[in-house]
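Each in structure tokens, the structures are laid out below.
Look for chain A in each of the two complexes below; its partner is chain B in the first and chain C in the second.
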Partner chain A sequence: MGNVPTLQIPEGWQSRVPAGWDWTELWVAIEKGKHKIAHELVQKAIDAQIHPKTILDDGLFPGFNLQGDRFSEQIIFIPEMLITARAMKAGLALIRPLLAAAAEKPVGTFIIGTVLGDMHDIGQTIVTIMLENAGFRVINLGTDTHPDKFIDAAKREKADLVGFSALLSTTIYYQKVTIEEFAKAGLRSKVKILVGGAPTSQQWADEIGADGWGKDAMLAVQLAKRLVKEPREAWE
Partner chain B sequence: MGRTLAVTFEPVGRTIPVTPGQTFLRAAQDAGIDVMATCGGRGRCHSCRIKIVKGSVPPPTIMDTVQLGHDEVREGFRLSCQTAVSSDCAVMVMPPIAEGGHQILSCSHVFRETTSLDSGVEKRLIKAGLPTEEHHQTSDVEEILAALGNGVSGDVPLDLLRKVPALLRDDGGALTVTTFNKRIIDLESGDTTTHRYGMAFDIGTTSIVGFLLDLATGEQLAAVGSLNPQAVYGGDLMSRIAFAQFNAEALKKLQTRVLAAINGFVKEACDKAKVAPAHVYKVVIVGNTCMHHIFLGIDPTHVGLAPYAPSVRSPIVVTARELLVRVNPNAAVCFLPIVAGFVGADTMAVVLATRIYDSPHVRVAVDIGTNGEVVMGSRRKLVACSAPAGPALEGAQIKHGMRGALGAIEKVEIADDVVCGVIGGVPPIGICGSGLIDAVAKMLDAKIVGPSGLLRIEERDVLAPALRDRLVERDGERQFVLAWAAASGHGQDITISQQDIRQLQLAKGAIYSGILMLKKVMGVQDGQIKELMLAGGFGNYINIESAVRIHLLPDLPVERIRYVGNAAALGAQMALLSETERSRAIALARSIEHVSLAARPDFQDIFIEAICFPGDEAADMLLSGGA
Partner chain C sequence: MIEHQGLIVIGENLNATRKIKGSSPRILKDGDKRGLGYTDLSGTKRVLDLTDAFPEDPKEHANAMIPYVGQCFRNKDLKYLETAVHAQLTAGAHIIDLCVDEMSPYPEQRMEWMRWVVTTVQEMTDAVVSIDSSDPLTIEAGLEVHDPKKSRPFINSVNLEEGRNVLHAMAKEYNAYLAGNASGRAGMPYSAQERVDHLTELSKQMDEHGIPMEDRFLDALVFPVGAGPEFGMHYLDAIKQLRATLPDVHLFGGHSNVSFGLPERRILNDAFLILSVLAGCDTLMVDPLMNPPKEYLEFKLAAEALMGKDEYSLNYIAYHRSRKV
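This part shows the complex of A and B:
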């Protein structure tokens, strides 16, 4: 068949773990969304003195990325993606403090929220978890977010990226307005702006001057990883 | 004005001048040519597709390829919303908005409810005297009022005042006075007391139905209906509002379109029944909040933004003159009240028609439409919510979707192979909403689709050979072939794609989460629900077992689920015939508790449960918090 996502086994993973170690169980636990098992297995890996970055990259990501690809391909749907995200979060909760201790800096700071007038949050909940999993520091402003709130948060947190979600044909208008407000506040060149949500498109993103459009959660994260590397005006 | 190009739109055969660079859709809309644009012209569906039949075919945009696929793009199909006019050409619009043989329900059954006939419209033949003595301080109007007696208001519309002098002096002063709630709305010479009519309209997002009734007898004289002509500006409520958002001119366009349709129906119904439109004295209009606002010319922008508050909820009565409705100019055009948010006047009509307010047991009314509504309760308490299903249940935004018209697959049986029931018994050309529901239910039973909604292509070898061959992957997408090209009416395979099933899940999930949420708010289990009443034109064609199988409806025994027809239209007719019913709607609207789905913290869990088919493990795990 055409696009059947497969498990991407990290190259040379055996060299980063004690002899006889096997990640398969954890990959499957994340894939199947078994958050209690994921929690146990990550704890076991920590106890075995495996580097937290290795646990993240070799233990957690393969199963997660597999599901993300399947989600993009429509092989799985929202419920399956949510349970995987939840299992991932359970594992991540254990290693995040260790990553911080190991001076793993966040990839970037991402402000996310649903725009003014819109109460939907399932999509941005998935994106938030996936961005956190990808190493971003994420500040989620919730739903029905006024442009000023996005701007205040971006200033306060010295954000690298800002993402607006909108799920209604009537509220995508506020993606445009929020981008205009960033421009008026003189902040447009300090942050990269991403938009997403069911009624949006690449064409819409271009039209309103966003830096990128995430067709789905997986692609949004890939886009974020790319955009965060692009040059921006520095915060004072 | 610069150079223009000539574009001919088929099948209407109109040639219009178009500025180069303008999209085909915009050009068609500006010229008043109907092209369906379910997504509102954003390249998100393929309802506005055209085929370039003469002239050079412009290069496809990315959205053309995404929505139409390589084959159609090669054959000259384009999305009219994405493609700019660059040379003289002729294009075929498809599918045309006026499809033959729509199965939109017109409530043709005789009006049997024991509604009292107190429409508020009264006609009396009087013989008024003329003022005789100069020293009598009187007037023509006062003579008429005196002849009428019993508290009729002296507040007479100006156009009638202008008729008074002649009327009173012709025909020996015999004249027919028409009053609505004790106010004079018509004066005619001679006896016209037997001509007392009214019209009721249900303006839906997708379709409009109307009825002409004799107010004296309650008899239905004519039924009319069609698609809502606003649909060319977006299939669902939100795209309709987005079109008019902060744009007074666009709002005017929507209002003009619906008004033109209503006036067309008035004429059509009156012609059919041989009734003079001037003898139509009362009009009752129901519709969801958005349709209601647009008809009245009230900006719906804020209805489309959280917290989705209407601009007005209270019942509205205006003269036909003010709204430009072509019945008697002094006729009362009555809008039923709005409950809250999108729970509009149509829901109030459903409440009236189902008498759900009068039940000792908990019952639930589900009005399935582009914007669904659910009302649950008994005489103790009523709760209601709106469930934005979108147009998928009506066949829109489905790869081979179509309305319930000639050639639509409406029924599916699966045993060793697939057998399709087609409207009109002709070779199929697409699948309608009820057909989609039936197909997916049967595909679940046959294990062609798993509980998560996935087309189980990996396990197709366990299927009967004929079914296995139908489960294919094409253009990188899983598809199930319902009808092979050779058996279809247009020589193409009719398939249900993975994306179609996801669309169905989202649509039925919206309705089902509404039901689940109201059950939770009311604190009732399925066993306590005495009856589920399925309303709406579309509901009549749904196979109930299939609707339960896919969890569009809850697991009630099928004998407790009943079609009640187009209840909104029925309720509108009740309010037309009876001021008692109209007042009841006004009182009930205040007492119904509105539940806002998206604003509730437990909505996410409920929605997850609702978008799955029964037996989905992932949903069970999420909901139990287990594993």
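This part shows the complex of A and C:
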């Protein structure tokens, strides 16, 4: 058996909230995917003048990360992860404008899409929600995405990360092609590139020169959080 | 003609995408070696060697998903292959689906694998083999080596996406049954109506190419309910509408997709197959060992008799006679 994930209680959370405040209910609401309760509790925290970044880090992430780890360990199933993501989204919708007003920058800008010739989008839609929940600004280019579209979007948005999904073994070849196109355009060192999708593997990611492989939606988010901190050539 | 008693079954088990969890009790360990235990046709216990398909790091073994069918192809394990073919036929499959897409991202290698698997499986059976790929070149490679003296080939599948329409002419040239799926030019269908629209248009293209109604197998595309609770009904509603407008084509889907990502898939598949038969499917694409087709055939015959769709219950009675020793 793998690890049994536990709730990671943020260190020193009491120092960031009014006396007597308790996050337990929100942690549980996110864990159990109760989106209406999550919405109410986040509103309550906003009304109590708690900083939006604190609400995100101390209130929302613990339950979300717990379910994410359970999902990666295959303890919970996709629908359970989806309702947690939905509850997270309900809370984020309230604090995102406040985060922006407080000049909190997104964790990074992530361009995502399914490669040329591939019409599958269920997986990348889930990854998009998870990345947004984790604080990334995500630009989703949809399915059947030409390498040029990835390149244009990366330039326009000054992307930190680019991820392409492929769900057919007949289209994962375009992950290789798209990476080659980034190299030809002289952009390979400006972005970190992630690949994912059922037929892909770490071996394939290594073979085509990707910076990482997202085995599942949660691991893709963890990988993105790690890669965004690695050095890259700056955009002009 | 495919000989059947009211329900055509496509056995899906020889698809290189099929995986088994590393922690499954069916995985046998012997030192560093890992394998899948099975009993061959003569009753001998054997092991399909999966050692090379396991990750290098033993800590990753339990959560790894092992592509055991792909490994059977790579090892050219003819005993496992033969067992998998005949177990499906014995369980009631009429068509053996063969998909090697996941063997390689490189087209030439996929074509080589398709040539090998079609030739090898045809040496083991006279049943119809379905040449399954999202790449028309791979399908053509399979058709070129296919032996029509054994059976007619089955193409899986054409759709409205650019580049795939060459398959209509290929079906005609090779006298093949032709499956067509509900994917549209711009992407996957996200409603019952899009499925109906895409397949109606695809069926018109088949008219133009002179593909007989009884050779058409329309796949309304099953998506996992785990990813979207409405996906099951999208499929079932589409089948219901298509059955009304295209009474003479075969209608099916990859029925076991519905349970992807959820536990005890057999239970969900079982209910979904019954719902699919009620909606108007006459063809099932399943793992016939997990969900034995006989149950759905009997359900279909009985349901049609009970709902007055089998006039004077004659099909039902014929089925009864066919089983009398």
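As a working rule, the second predicted complex is superposed on the first by the 234 of 236 C-alpha atoms of A that agree within 3 Å, B and C clash if a C-alpha of one lies under 4 Å from a C-alpha of the other, contacts with A are read in each partner's own complex, and residues count from 1 in each chain.
Note that a contact is a pair of C-beta atoms (placed from the backbone, for glycine too) under 8 Å apart; a residue touches a chain by one contact, two chains touch by 3 or more.
These figures come from a predicted structure and were not determined experimentally.
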Query: Overlaying on chain A: chain B and chain C, fit or clash?
result: clash
Task: With the two complexes superposed on chain A, say which partner A:D144 touches: chain B (first), chain C (second), both, or neither.
output: both
Query: Looking at the overlay, does A:S169 come into contact with chain B only (first), chain C only (second), both, or neither?
result: both
Message: Under the stated touch criterion, which partner chain does A:Q74 make contact with: chain B (first), chain C (second), both, or neither?
response: both
Field: Touched partner set for A:P199, first chain B, second chain C, both or neither
entry: both
- prompt: Counting only touches as set out at the top, which of chain B and chain C does A:H35 meet: first, second, both, neither?
  reply: first
Task: Classify the contacts of A:A220 with the two partner chains as first (chain B alone), second (chain C alone), both, or neither.
output: neither
Message: For A:H120, using the defined touch cut-off, is the partner it touches chain B, chain C, both, or neither? Pick first, second, both or neither.
response: both
- prompt: Which chain makes contact with more of the residues of chain A, chain B or else chain C?
  reply: B
Residues of chain A that lie at the interface with chain B and also at the interface with chain C: 1-2, 74, 77-79, 82, 119-122, 143-144, 168-173, 199, 204
Field: Residue ranges of chain B touching chain A (in the complex, touch as defined)
entry: 39-40, 42-44, 62-63, 234, 236, 238-239, 241-242, 245-246, 301, 304-306, 452-454, 457, 473, 476-478, 498-499, 502, 505, 598-599, 604, 607-608, 611-612, 616, 618-619, 621-622, 626-627
Task: Could you please specify the touching residues of chain A with respect to chain C in the complex?
output: 1-2, 73-74, 77-79, 82, 119-122, 126, 142-144, 168-173, 176, 198-199, 204
Message: Which stretch or stretches of chain C touch chain A in the complex?
response: 16-17, 21, 23, 62-63, 101-107, 110, 133-135, 138, 161, 183-184, 186-188, 223-224, 226-229, 261-263
Query: If you look only at chain A, which of its residues touch chain B in the complex?
result: 1-3, 32-37, 74-80, 82-83, 86, 116-122, 125, 143-144, 168-174, 199, 201-204
